[in-house]
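Common to both upcoming complexes is subunit A, partnered first by subunit B, then by subunit C.
Now for the complex of A and B:
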C-alpha cells in the first residue's frame, strides 16, 4: 500500500514538474466596452496555446467565461486580465461576459 | 437581469452550500456543537470582503495570474481539509480530541468556500451599485438565488441526517471525497488557465450528452466538478484525489488494527 502511495505521489510530482512550455505563446487582445466584446470575433491559430489579454474599459466588473474553452475569470473595472487558452482544435468557441450575458458575447475561431 | 442574477448567485451559492450542509450533517452526527458554524461564516465573510475588495490587486500578482493562483490555493486548501476530515472521521475514535480536530478542519473548509464564492458574489453586486435602477432586480435576484441555494443545501442536510446511523458516516465521507476531488480538478484547471500547468487537448467531449450549462451539468459541477472537456491531467488529478482518502483510510485503518491486536 505504501508503495502504491509512493508511485502515485511520484506520478503527481512528475506531472507538475513538466511545467509550462518554454515557447512564448502568441498574444491576442480584446476589449470590453459598454458590456460588449470588441471585436466580437477573434481568429486564432489552431493547435497553438494563446495568451488572451482582455481589457475591460468599463468601470464595472465583468467575468470572462466560456464553457467551450473551460475558462472563467473576473476582470474588475478599468483593468486587464490574462487568460491562457488552447491549444484548440479548428472550430468555433463561444464566450460571454457572465455579468452581462445578453450583450457581452463573442466567439473565438481557431483555424 | 433578474434571471441572470438568480443563476449567477445560485451557481456560487451551490458549491459552498453543498460543503456546508454535508459538514453540518456529520457535525450533528458526531455531536460537534454549533459554535464552529458562526466562526466559519464570520471568517468566510471577512475573507470574501477582503478578496473582493482587492481582486484588482490580486489579479496583478504573478504576472497577471494572481486570481487563478489564489483561487487554486483556496480550492486545494479545502481539498486538503476535506480529505483530512474524511480520513480522521473514518479512522479515529469519536473522542473530544478528534472532535476538536474535525471542528478546525470543518471551519477552515467552510470559511475558504465562503471566501471564494462570496467574493464573486460581492464583485458582481458591486458592479451595479452605481446604477440604482438596476439595483432592485439585482438584489432581488441575489435573494432568490441564495434562497434556492440554501434550500438545496437544506435538502442535502436532511437527506444525510435521515439516513440510518450506520450509513451516515460512510455516505457523508463518500460525498465529501467526491466534492474534494471536484475541487482538486478545478484547482488544476485554474493553474492550466494561469499557464502554471501544461495545457493539453481534452480527453473527451461529453457536452453533447450533458452540457455544463444545463441544470444537471451545474449540479454535477458543484458535486463532482463535472467538466464536459477535461484534459488528461485534470482527469488524472480527479481520480488520484478521489482515491487518496480511500487509500489513507485503508492504511490508517490497518495501522489501527495492528495496534489493537
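Now for the complex of A and C:
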C-alpha cells in the first residue's frame, strides 16, 4: 500500500512539475480608471495563453477577480499587475473588481 | 511528535532547514519518518496582497486504538500578506487527548512565499516555511514545503511536499517527510468537491473534502472546508475528520 501511495504522489508531482515550454504569450492591456475597467470588453484569441497587463490609474487599490478565469489579483493604486489567463475555450468570461464590484465589471471574449 | 527517547539537541538545524528544498525528492516519500497526524490541510501556492485572515481548523481522529480515538487538534491563526509574494500567519495550537482536556500545546509561525505568477508556467510554485515551538516541553519543529498547483480546465491539482526536522530535549531529533495532494473540481464558488491524499509514516489516508466561499460584502468572505480522510493501512487512523473556516478581510 505504501508503494501505491508513493507512486500516486510521485505521479501527481511529475504531472505538475513537467510540461512543454511555451512561447511568449501575447500581451493585452486594460486600465482601471474611476473604478471602471477600460475597455470593459476584451477580445482575445481562443486557445492561447494571454499576458494581461492591468494598469490601475486610480489612487486606491482594486482587484481583478474572476471565478470563471480562476484568477484573483490585487492592483495597488497607481501600479500595474500581470495576470496570465487561458488558454481559453471560445466563450465569454466575466470579471470584476472586488473593491467596487458595482462599477468595475468587464468581460473577456475568447474567439 | 514522540515524547520519549534520548535527549539530544541539534545546533545546525537552521542550515538544514534552509537546505531542505535541495533535498526534497519524491523518493523521500518511501522513507518517511513521520509520527502521524499528517492529515491537516492542503496549501495552494498563492498569496493575495492586502489580505488578512482569521483561521480556525480542527482535526479529530476516530480509531479503534483508544489512545488515538477522540484526539482533537485545533489551530487558531491570524494571518496577513505583506506583499504580493509573502504571507505570514501565527497559530496557537490546542490539543485534546484521551484523559486530557483541550489545552495549548504549541505555537507556530508560518510564512508562504509565492514563487511564480499564477498561470505563467505549466505549474504554479511556492514555498511554505513553518516553525513550531511546544508550549510545555522542550520540543521544536521546523519545516519547508514545496507547494505546486496545476489547472486542467475546472480541475485543479495541488501537491505539498514537506521536509521536517524535530529537535529538543524532550523529543527524538529526527527528520520527517510528509506529502499532501488534492484534486479539486471548481464547480461553483460556494461548493467545490475534492479528493485529498495524505502520506506520512503513520498516516496513509484518502478521502473526500468539500469546500467553498461565502461572500460577506466588500472584500470580506468566509472560506470553509470539511472532509473525512480514511486510513489506507493498519498504521493509519481509521477516520480523520477535518474542518476549517477562514474569515478573510
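Note that in this section the second predicted complex is superposed on the first by the 108 of 111 C-alpha atoms of A that agree within 3 Å, B and C clash if a C-alpha of one lies under 4 Å from a C-alpha of the other, contacts with A are read in each partner's own complex, and residues count from 1 in each chain.
Here, a contact is a pair of C-beta atoms (placed from the backbone, for glycine too) under 8 Å apart; a residue touches a chain by one contact, two chains touch by 3 or more.
Since the structure is predicted, the reported quantities are computational estimates derived from the model, not experimental observations.
Q: Report clash or fit for the pair subunit B and subunit C bound to subunit A in the combined superposed model.
A: With subunit A as the common anchor, subunit B and subunit C collide in the superposed model.
Q: Go through the superposed model and pick first if A:59 touches only subunit B, second if only subunit C, both, or neither.
A: So A:59 only meets subunit B here.
Q: Which partner does A:102 contact after superposing on A: first (subunit B), second (subunit C), both, neither?
A: After superposition on chain A, A:102 lies in contact with subunit B alone.
Q: Output check: A:45 vs subunit B and subunit C. Expected answer is one of first, second, both, neither. What do you get?
A: Touch status of A:45: no partner.
Q: For A:77, is the partner it touches subunit B (first), subunit C (second), both, or none of the two (neither)?
A: It touches subunit B, and subunit C stays clear.
Q: Taking 24-32, 168-176 or 240-248 from subunit C, which overlaps subunit B after aligning chain A?
A: Clashes occur only in 240-248.
Q: For subunit A, which residues belong to both interfaces, subunit B and subunit C?
A: In subunit A, positions 1-2, 5, 8, 12, 15-16, 18-20, 49, 61, 63, 67, 70-71, 73-74, 76, 81-84, 86, 98-99 sit in both the subunit B and subunit C interfaces.
Q: Per the contact definition, I'd like the list of subunit C residues that touch subunit A in the complex.
A: Those in contact with subunit A are residues 26, 29-30, 46, 48-50, 84, 117-123, 148-151, 156-157, 159, 161, 179, 181, 183, 186, 188-189, 197, 199, 204, 218-219, 232-233.
Q: Give every residue of subunit B touching subunit A within the complex, in rising order.
A: 4, 8, 55-56, 59, 63-65, 67-68, 120, 123-124, 126-128, 130, 189, 192-199, 201-202, 207, 211-213, 227-229, 233, 236-237, 240, 243-244, 247, 250-251, 254
Q: Which positions of subunit A touch subunit B when the two form their complex?
A: 1-2, 4-5, 8, 11-12, 15-16, 18-21, 25, 49, 51, 59-63, 67-68, 70-71, 73-77, 79-84, 86-87, 89, 98-102
Q: Report the residues of subunit A in contact with subunit C in the complex, numbered from low to high.
A: 1-3, 5-6, 8-10, 12-20, 22, 49, 61, 63, 67, 70-74, 76, 81-86, 98-99
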